[in-house]
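I'd like to ask some things about the structure below.
For clarity, chains are labelled A, B, C and D in written order, and residue numbers in each chain start from 1.
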Amino acid sequence: MNRKVTKYKRIGVFTSGGDAPGMNAAIRAVVRTGINYGAEMYGIMRGYDGMIKGDIKKLISKDVSGIIQRGGTILQSARSEDFKTVEGRKQAFESLEKFKIEALIAIGGDGTFTGAKIFTEEFGVPIIGIPGTIDNDLYGSDTTIGYDTAMNTVMESVDKLKDTAGSHNRLFFVEVMGRDAGFIALNTGIATGAEDILIPETTTNIEDLVISLKENKRKGKTSAIIIVAEGDDLGGAYEVAQKVKALDSSYSTRVSVLGHIQRGGSPSVADRVLASRLGFEAVEALYLGYSGVMAGMVNGRVGYTPFEKSIKHHNDIDKDLLRMARFLSI
Amino acid sequence: MNRKVTKYKRIGVFTSGGDAPGMNAAIRAVVRTGINYGAEMYGIMRGYDGMIKGDIKKLISKDVSGIIQRGGTILQSARSEDFKTVEGRKQAFESLEKFKIEALIAIGGDGTFTGAKIFTEEFGVPIIGIPGTIDNDLYGSDTTIGYDTAMNTVMESVDKLKDTAGSHNRLFFVEVMGRDAGFIALNTGIATGAEDILIPETTTNIEDLVISLKENKRKGKTSAIIIVAEGDDLGGAYEVAQKVKALDSSYSTRVSVLGHIQRGGSPSVADRVLASRLGFEAVEALYLGYSGVMAGMVNGRVGYTPFEKSIKHHNDIDKDLLRMARFLSI
Amino acid sequence: MNRKVTKYKRIGVFTSGGDAPGMNAAIRAVVRTGINYGAEMYGIMRGYDGMIKGDIKKLISKDVSGIIQRGGTILQSARSEDFKTVEGRKQAFESLEKFKIEALIAIGGDGTFTGAKIFTEEFGVPIIGIPGTIDNDLYGSDTTIGYDTAMNTVMESVDKLKDTAGSHNRLFFVEVMGRDAGFIALNTGIATGAEDILIPETTTNIEDLVISLKENKRKGKTSAIIIVAEGDDLGGAYEVAQKVKALDSSYSTRVSVLGHIQRGGSPSVADRVLASRLGFEAVEALYLGYSGVMAGMVNGRVGYTPFEKSIKHHNDIDKDLLRMARFLSI
Amino acid sequence: MNRKVTKYKRIGVFTSGGDAPGMNAAIRAVVRTGINYGAEMYGIMRGYDGMIKGDIKKLISKDVSGIIQRGGTILQSARSEDFKTVEGRKQAFESLEKFKIEALIAIGGDGTFTGAKIFTEEFGVPIIGIPGTIDNDLYGSDTTIGYDTAMNTVMESVDKLKDTAGSHNRLFFVEVMGRDAGFIALNTGIATGAEDILIPETTTNIEDLVISLKENKRKGKTSAIIIVAEGDDLGGAYEVAQKVKALDSSYSTRVSVLGHIQRGGSPSVADRVLASRLGFEAVEALYLGYSGVMAGMVNGRVGYTPFEKSIKHHNDIDKDLLRMARFLSI
């Protein structure tokens, strides 16, 4: 987190990694705050890929008008293999030089900041990160942009599945996003009154699950929803359903993989406000001379975390909530 | 369609087959209209299964209060193998006799009315059908209860997928319900501006699809949505995606199977009004002495269609709309 | 409805009157169908006002990309006093000549087509109308673009009000749009199980309303929703609430005027499909030599109605539904 | 905050004051946690009113099944004048004695806890409070139950108004809830990109507002949204609109009072999780011997705040955010 106060004239902004609702709100805030500071703002298309290829365009205030409510990202996003090579990063740096871009705002997750860390070290370009990922798996911000919207999308889908599960006495296994982190699964499981929640952070015991389902049945509960994070140690929803079937074939089971709808949709209030604040704060941080850090909200206040720390660590999941969820769904 | 005007004292109502949003609104209308006619109303649980087992309960006006806006069906639904046997149907008839139920309202689809037709012929119990299925595949009603809501659920999901498809230059194959009928696929395809729509009613030519995708690419369109009805002749979305991949591997493809969320959710205005009207008209039809017919809305007016006709025929899909959809999505 | 088959090279499209969800879907369909016919397409801003001022711009296929799901109208809308004068219309015609626009597609309601009728008579410019208004008050189309979405917006709001009405034993008067027509009020009233529905097409008797509320109370129903069309003969929701209070002050009443949210929002499947079809058919009609007519959907098929007929007449409301609504909400 | 560890056998729960989405989720959590502790749980209808009248019923686990997703409160809510008298509170205490209820969970806001504080002091009944109010105006919890949902309801409505505002070049004044606190107005204003936000916590200068609107117009921004908290020092949206009109009559202004829809609707993930956790923690707190405190979430952890403190103080609004909102909406 080195500081050297500068008056940047041209700042670039890009989105990278999986897209998340609220990224557009962050782009809007970055562009307008930069303009307010007197900078010219540039949008870099498709993350590091567009940076390498020089796919860069000037953004004025009007270009980000009417985007705060839209899902996706107007700058598009991609993963770039080339940026993992020195040669690729050199080309990216040359693009920035060509456009006279002096500093960057990177909106994305783990992979984005890993690239940003190397790039700023190699070429000295100041970079501030903004956590934009639905997975909420970054250290240094209580929540990440897109997380709240994704959870509400999951919840609305599970509410719909509950209608049909209850009408048919069915056992539903619902797979939600979360390769390494169970945040979405845990919270949507609580919010939908799911009968069980399987997450990567805990060891899933299939026998226990079957026993608790039997117990439910005994009490007269004939339908159930099991939320499965895609990264659960037993596998995704299909694998878990098969394992349950193998132990007890009496269930009419159904599997629903919610998939990419979780990445889309108009962002929620929480995500729009978070994105607006972090977009604003990220540019302010640049002008205060920060670099190599991610801007985040920690306990209601903005905080800055070095890229290496935000990448390596995750927010911890509160495992007591699993226990609570289980007996609230009795 | 035999008529013998009777004053029924006890009428039963049940839902059967796949559940559909608006079934509760229909139950509410049936119960309250029946009460208005002076009848006692009985809810039969889980369709023919509950009829066989005598799982039947009296419904008063308050029991159907606050359900008009809820998805699923408070009477639950199931498929019954036993009802396909004479013995099963005999048991069902005995249950009705036990509860002194003189006439029935059956809410469901193809299978429901097939059973109802046999049952009314065998035992003389008057039955009026109400079309409750998201698939819209019944002759005798312009639309079926649940169809409009299901389409809006699909559309909202595809709108979300478009956010992420557009952010990543991806080719999305979205599977929607419709084993025999492409109504949902066709209309949601038009409504979301899908690049192509594959339905059971037409032969899908994979080479043509790949050619039109290439043409899109050439024009600078880098993302696309293909809507696939589950009953397409080439298979579901996974099969189609693989076939496209086999012909042209340059795409970053994704598959999304929307699945059971299409059956749930709070019903739309159109479905609630349709369900209320048909529930009302079905009971009126009983008292007018009708039996063995399905009540439907045809060109804005109620019409009655014999079960055998409503089952054997389907509404035709307007294939010109496919052509229109294709060039509106240029 | 005079026909002279022509090959138009330049066609203008505009939206006029109150905006309605689905107008953008209609613009998209018009533009892309016209391009498909080999025409150059022009967007006229703010209806007749932009036509007079020459605020006109060329639209290519990409300009209407990504708008099918958006509320409002990218061409904006306005009412124009100047267009009611001969001088104003002459200026409008000169604008069209300047841009070499040979024919027009007008998306709007009553006022729009009244202007279009005079304009096409005076200057011979062929015009096809598309019914875009949430009020559904045009003869010649079973439904108008925006109507279905507006009703769903009302329904979702009333569902929310019911939560709070039921929690507090309150009597809610909800005012919905409909200056001359009770379509929105009637259908949303049925869909939300409203205790009463007051519309312009019937005489509202305040004593009867109070009596039926008392009857509800007697039965133990302590909260109620009354839907009031803004054009009811007794006035809007505030006036009706006061009159009820004057007769019986025992209620805890609340008034909610839903207002302009009814005009916005992402269009429903029904509205997007309707708008796409009519946009397509309107351009086809131009090339078939039609003029001075509104394209509409009548019983599932496209039909054309002369402007004078579509303006003077309205679709009739089915008053039997009022009676049905009342006893379904017992 | 006196503690005396006890093993309660019967616990009552009630909701009081304005209803808020998530109250049902809190009731569910309270009931099931209490049952888990071996207590019998009792629901007291309509807050203090039902307590006085002895309108109390036993709640088993199934009674709170399927309510987590529903707005409103199954226990209903009311304000009670009688409870403000010693006599009324004595009657309430006698009701509790009659039902052998030994402790209470009170879900509500300011007024609820004011009553609870007096009652627990007078009669020694242990009470834990849960913050259930959309206004977010309680000290001791970062957010209150219902607040997040209410904000999303406001946002969705304003998104719709923006469609129509932008289509017509209009100036919209939107009144949102918040008699004493501007939390809803501030955050929804940021989330919708409102041109200005008027809240009780700051002095509104009408001249400044008109100047900034003129400045917007000069830049070519022809439509605008102004969010007005109902408790703004200049009055509600109607008053503010008139004052703007008096200074500059060139605007086509519209007023929208969102009203009671803000209290309803299915709760968001955030509200359901918050309600579930606080319901759980409140009962745990009772068994740990706490009384006279409100359970809240502070920086991600549960915390307990004495009633007098939670009532007298409010969370502070971050006025820097107003400044940020203004220049992000340039």
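The working rule: contacts are C-beta pairs under 8 Å (C-beta built on N, C-alpha and C of every residue); 3 or more make two chains touch, one makes a residue touch a chain.
Since the model is a prediction, treat every value here as computed from it, not as a measurement.
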item	value
Touching both chain B and chain C (chains)	none
Distance from the mean Cα position of chain C to that of chain A, given in whole angstrom	40
Between chain B and chain A, distance of the C-alpha-averaged centres to the nearest whole Å	36
Centre distance in Å when chain A and chain D are each reduced to the mean of their C-alpha atoms	29
Where chain D touches two or more other chains at once, by residue number	159, 162, 166
Topology of the chain contact graph, where touching chains are joined (line, ring, star, complete, other)	ring
Interface residues, chain C side, partner chain D - complex	15, 19, 21, 23, 46, 70-73, 76-78, 153, 157, 159-164, 166-169, 172, 254, 256-257, 259-261, 263-265
Chain D residues within the chain A interface of the complex	28-29, 32-33, 35-36, 61, 66, 68-69, 142, 148, 151-152, 154-155, 159, 162, 166, 187-188, 190-193, 266, 268-270, 272-273, 276-277, 280, 299-300, 321, 324-325, 327-328, 330
